[in-house]
Amino acid sequence: MPEQLFQFLVTGITVGSLYALVGLGFAIIYNASDVVNFAQGEFVMLGAMTAIALLSAGLPLPLAAIVATLLTVLVGLLLERFAIEPTVGAPVVTTIIITIGAAIFLRGIALLLWGKDFHPMPAFSGDRPIHLGGATLLPQSLWVMGVTLLLVVLVRLFFNRTLLGKALLACSFNRAAAQLVGINVRVMLRLAYGLSAGLGALAGILIAPITFSSYEAGIMLGLKGFSAAIVGGIGNPMGAVAGGLLLGVLEALGAGFISSGYKDAIAFLFVLMVLFFEPTGLFGHKVADRV
Amino acid sequence: MRRIGFFTFAVGVALLPALFPDNYFVMAVGVSAGLNAILAVGLNLLMGYAGQISLGHAAFFGMGAYTSAILTTRYACPSLIALTAGLIIAGVIAWLLARPILRLRGHYLAMATLGFGVIVHVLMVQATPWTGGPDGLNGIPPLNLLGWSVDSDLRWYAVIMAALLLAIGLSLNLVDSRIGRALRAVRGSEFAAQMLGIDTGRAKTQVFVVSALFAAFAGSLFAHQQSFVSPDSFNLTVSVELVTMVVLGGLASTYGSACGAIALTLLHEGLVVFEDYEMMIHGALLMAVMIFMPQGLFIGLSQGARRLWRLKNKASA
Amino acid sequence: MKDYGWKIILAAALLAITSLAGAVEPIRIGSFLSVTGPASFLGDPELRTLQMVVKDINAKGGVKGRPLELIHYDTGGNAREALSFVKRLIQNDKVDLIIGGTTSGDSLAVIPEVEKAGIPFISLAGAVDIIEPVKKWVFKVAHTDRMAAAKIFEDLRKRGLTKVALITGDGGFDKSGREQLLKLAPEYGITFVADESYGNKDTDMTPQLTKIRSSDAEAIINFGFGQAPAIVTKNMKQLGINLPLYQSHGVASQTFIDLAGAAAEGVRLPAAALVVAEQLPSSDLQKPVLLAYKKQYEAQYGPVSTFGGHAYDGLMIAVAAMERAGDADKAKVRTEIEKTQGFIGTAGVFNMNPTDHMGLNLDAFKMVEVRNGAWKIVE
Amino acid sequence: MTTALSTLPSAAPLLAVEGLEQSFGGVMALAGVSFQVPAGLIYAVIGPNGAGKTTLFNALCGFYSPSAGSICFEGDELLGLPPYRIAALGVTRTFQNLQLFFNMTVLENVMVGCHLRARTGLLAAALRLPGVRREERQLREWAHEALEVCELADRAEQPAGALPYGLMKRVEIARALAAKPRLLLLDEPAAGLNDTETLALRDLIARIRAAGITVLLVEHHMPLVMSVSDRLLVLDYGSVLAEGTPADIQADPRVIAAYLGGAVQYAV
């Protein structure tokens, strides 16, 4: 039993790390623009598919990963420029539909570029499983956890220690005030989209060796990332990370101990319960409207 | 004015099959556009008028459909009773869910309704002994309205269009009434609504239940018309499509949401010929409409037409 | 958007008029396949095959002097779409025969409509329910999941394994396969010691496999298609589970081996002879058909899959029936399809009759195993 | 303009507030506020920004739940009731930040105000039963009456969002009047108005009182307050600094020191 539990935890943290990265992307964009970007999952897919395409074109892995991330960042910037900027201040549903439209559009492009097949990607450092106190994990899982940890720390440092990060954070609290103190809100908005796209792409590149990738691979991850961001209290980057890990572990435990078929139902039931008792997520700000 | 719109619509709908007999685009596409329009009109009451988003509306659609399917195929229950049962089940579940879920706002509400939709979908897929699992249930008998069996395409067209007109009529009545104004007040300002004596929690619950009933009604018709149901018809994509129809047509407009539903259904039929390009075009169109006509097609186009009209008048003057 | 619909109709009408004036009326073959969506694995090669074969037949002068016209819609694996497209094929496109229904769900959903309209329908999906009980207008050319289950159990019996763990996805193919496995197990003295499932878009199945590891299973059967079975295969190796693993015919293609990589070694599954065409003895009746199809397909599109083969079988059976019937009359063609005897296809030798609308027997399946990154016949 | 006779509290006040306390994260916004509003008066609450005026309104209306005290309205305890129940007892208000229903016409806004005076339920409304038509006509009439009082009759069919700011504020008042309240709370009605509009507002408030509605007023515009109010309550740091007639208040040295800055005198 404890051996099983340990295995479930390892699995849960690996999957949860990805949800955390995707959720982090949601939180950053939400902070900067009040938009929930439903195309976040597509960044994950684009990162993975581009990297796979570059690898098969003969590029070495590190270079392929970097180029794929940069290309995805470019897509994020284009999305911001042509779909988000013209509609600043639009109601929530409008932006939801726009980003859903963007997701479908990007998926459609990926379908034309890479077809419908699943594409494999070689693991970064082999497939030989590592045994760890009764549980086994793939070296790729370590990559996932390690890089996630690194990225989360970097994002935190960026927001807390750098002027640029603080400026971005300022936009999330009060856009007008940020503008007044000389922050270029438009540039900040682009920065947020670029950053989220980059994080998404990296998540995709990390997971592709474990799960393969296809033009549709972003849907599920996007959904889970959104759940992670909501559970953590949307707009709270570290909350999204915690939410992602929580969701991943819960899914693994649910699949292992309760029922694998109802795994997603368990995950979403948990999300609902969290919201019923904490209507702004576990770590969200309590917002009071002014009358 | 309101009556004129309604009767024009009714006459148009009635004339179509006479003008184009046995036409696939009228009969088959018309029926599915009609069902979508009923769903959109119901969802619009919740989203457009009361301002509460739901990304899980397909769940209620599915509840109506599956209740009808299960009761008629497993218990040989008469179709009208099955339909009523579907309405009761969806209504009760919506009522139970409304209070906790409608306390949430904005994206949290979107998440919660989405989660609810996913849970119901998982149940449809997993509870195989009841729902037939991923392949669904086959052999649902046609709808029987007190001895009149709805078993031909033309009859289905008639029934569904009648149902759509009923839905539009109810929606128009409701919106322009004490209850409807209370709902719109909730969207306008919850504080002010409460201070004028509106129990906003109750108002939101009512509209949630009503729009669930619209959906369950459409679901039951759908099940009998298709003669089979499967979870595919009630997944997240369908919920998102419904929201898209309402927003595309124009929030807070009954005819707008009906038009949005019809437009999206036709778009889908039209894009099929593009095969692999369909998805890309679909996504691009969605974005374009929302960016350039944020109030939706119905309002956007009618405003555009009015502007043109004025320009023309000015030119001739 | 309404205008758009009318333009299509207008274009179709114009086309119809010009073709009437210019040439003989073509025979219209309607098809609805899951070219996108979770079953695109199956639907994509099916569509390519239909397009390839239709072109080929037309180049050779068509059927009884009439060219074939293929009208196709993509269902995305959604049964509701399938039904709507079948209506469109029958009412709008006025097709003479329908081949399609990549997934069992798609096929089952359209049967009432097809029966009502009275049009021959050749399904490419697996579920037994499609042809049992026999429906007048419905035929099928893909092996049933029951045959796959039986083939796997026969192999288990040969190896003397009786305790088996089952893991399946949540799609229609998976669930229907699981049902057949459970139903058939007692006949072969097999007991299931674990019965796990996963979502077809899941990215990790180690929790389920961890549970299986702690059971006393002697072999594992994974019934599914798409990328999930490859993940199961990799996760198994990761967890150090060294039990024999059986997959379904749903992943009988090179793609599976590419995805699962080294972990695929030793995996067995029942498959149509197409995947091992070269290895067949030259006395095998199917061999020339298989090699010809494979050569033609791979010249245009890349590696063959057995599912494309089903489309080939379905279309060729239909064409043969039309040749015998003398024209494309729906009732006559239906009767002739039912009389199909000794037709050598990619899936096996078809012998249909009024009580069997598939006509394949268990020999049509070969048990194959992955050895050195390729499928090999198990003796 | 002032009504000197009604300066004494009558025996049974319409509203009696006792020891009201409300804190936000340790900061006392209301520290034991007590006062009584006699029926039929215009009663103003003044005080510097942050003195707790709007907090007091929100507590009275049920948007906040004060930690201690009591709010007695005609013998009913308001504390702990949700806003819509308080409204049903005859208390309504306008808002400092406009809370107009921008998605409706002016007339419809005011018709929402009649909500409590009508009975139509969901089913009857959806089916538009004959009784519903009759009631709709009645509501329309009432709404027009309220619009007349506020001199907005010619704006009835315009979208509420298309009006100039001053008129929007007036629609809020018409909407509140349509509810036929016994106590009307006006939260800074003059904010953002020009001089002409302020004068018109003064007349409107007087007309409202003349119709028998007690008015509780929060306002910064001192000339208006001093000219229209019968009694004043001065809040400072969440506590009552002074209470009395405008003349008393203007003469009160504490008020002069704390609020009026010791230099300003307002002519009535």
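We call the chains A, B, C and D, going by the order they appear; numbering starts again at 1 in every chain.
In the analysis below, contacts are C-beta pairs under 8 Å (C-beta built on N, C-alpha and C of every residue); 3 or more make two chains touch, one makes a residue touch a chain.
Labels paired with UniProt names: A, B = Inner-membrane translocator.
What you see is a predicted model, and the numbers here were worked out from it, not measured in a lab.
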Selected interface, A-B versus B-C, where C-beta contact pairs are more numerous: A-B
Farthest chain relative to chain C (centres taken as mean CA coordinates): D
Whole-Å separation of chain centres (CA-atom averages), chain C against chain D: 74
Between chain B (Inner-membrane translocator) and chain C, centroid-to-centroid distance (C-alpha), Å: 35
Separation of mean Cα positions, chain B (Inner-membrane translocator) and chain A (Inner-membrane translocator) [Å, integer]: 32
Separation of chain A (Inner-membrane translocator) from chain D, taking each centre as the mean of its C-alpha atoms, in whole Å: 49
Residue list for chain D, restricted to those that touch at least two other chains: 63, 95, 99
Contacts with two or more other chains, residues of chain B (Inner-membrane translocator) listed in rising order: 125-126, 191, 276, 278-279
Touching two or more other chains - residue numbers and ranges from chain C: 35-36, 170
Chain B (Inner-membrane translocator) residues touching chain A (Inner-membrane translocator) - in the complex, by the definition given at the top: 47, 53, 100-101, 103-108, 110-112, 114-116, 118-119, 122-123, 125-126, 191, 236, 240, 243-244, 247-248, 251, 276-287, 290-291, 294
Chain A (Inner-membrane translocator) to chain B (Inner-membrane translocator) touching residues, read off their complex: 30, 36, 83, 86-87, 90-94, 96-98, 100-109, 111-112, 223, 226-227, 230, 234, 259, 261-262, 264-265, 268-269, 271-272, 275-276, 279-281, 289, 291
Chain D partner contacts - residues on chain B (Inner-membrane translocator) that touch it in the complex: 170, 173-174, 177-182, 184-185, 187-189, 191-200, 206, 210, 252
Complex contact set, residues of chain B (Inner-membrane translocator) against chain C: 22-25, 27-29, 32, 125-126, 128, 133-136, 138-139, 153, 226-228, 230, 232-233, 263, 266-267, 269-270, 272-273, 275-276, 278-279
In the complex with chain A (Inner-membrane translocator), residue positions of chain C that touch it: 35-36, 40-41, 44, 170, 196-199, 201-204, 206-208, 210-211, 214, 226-227, 230-231, 234, 237-240, 255, 258-259, 261-263
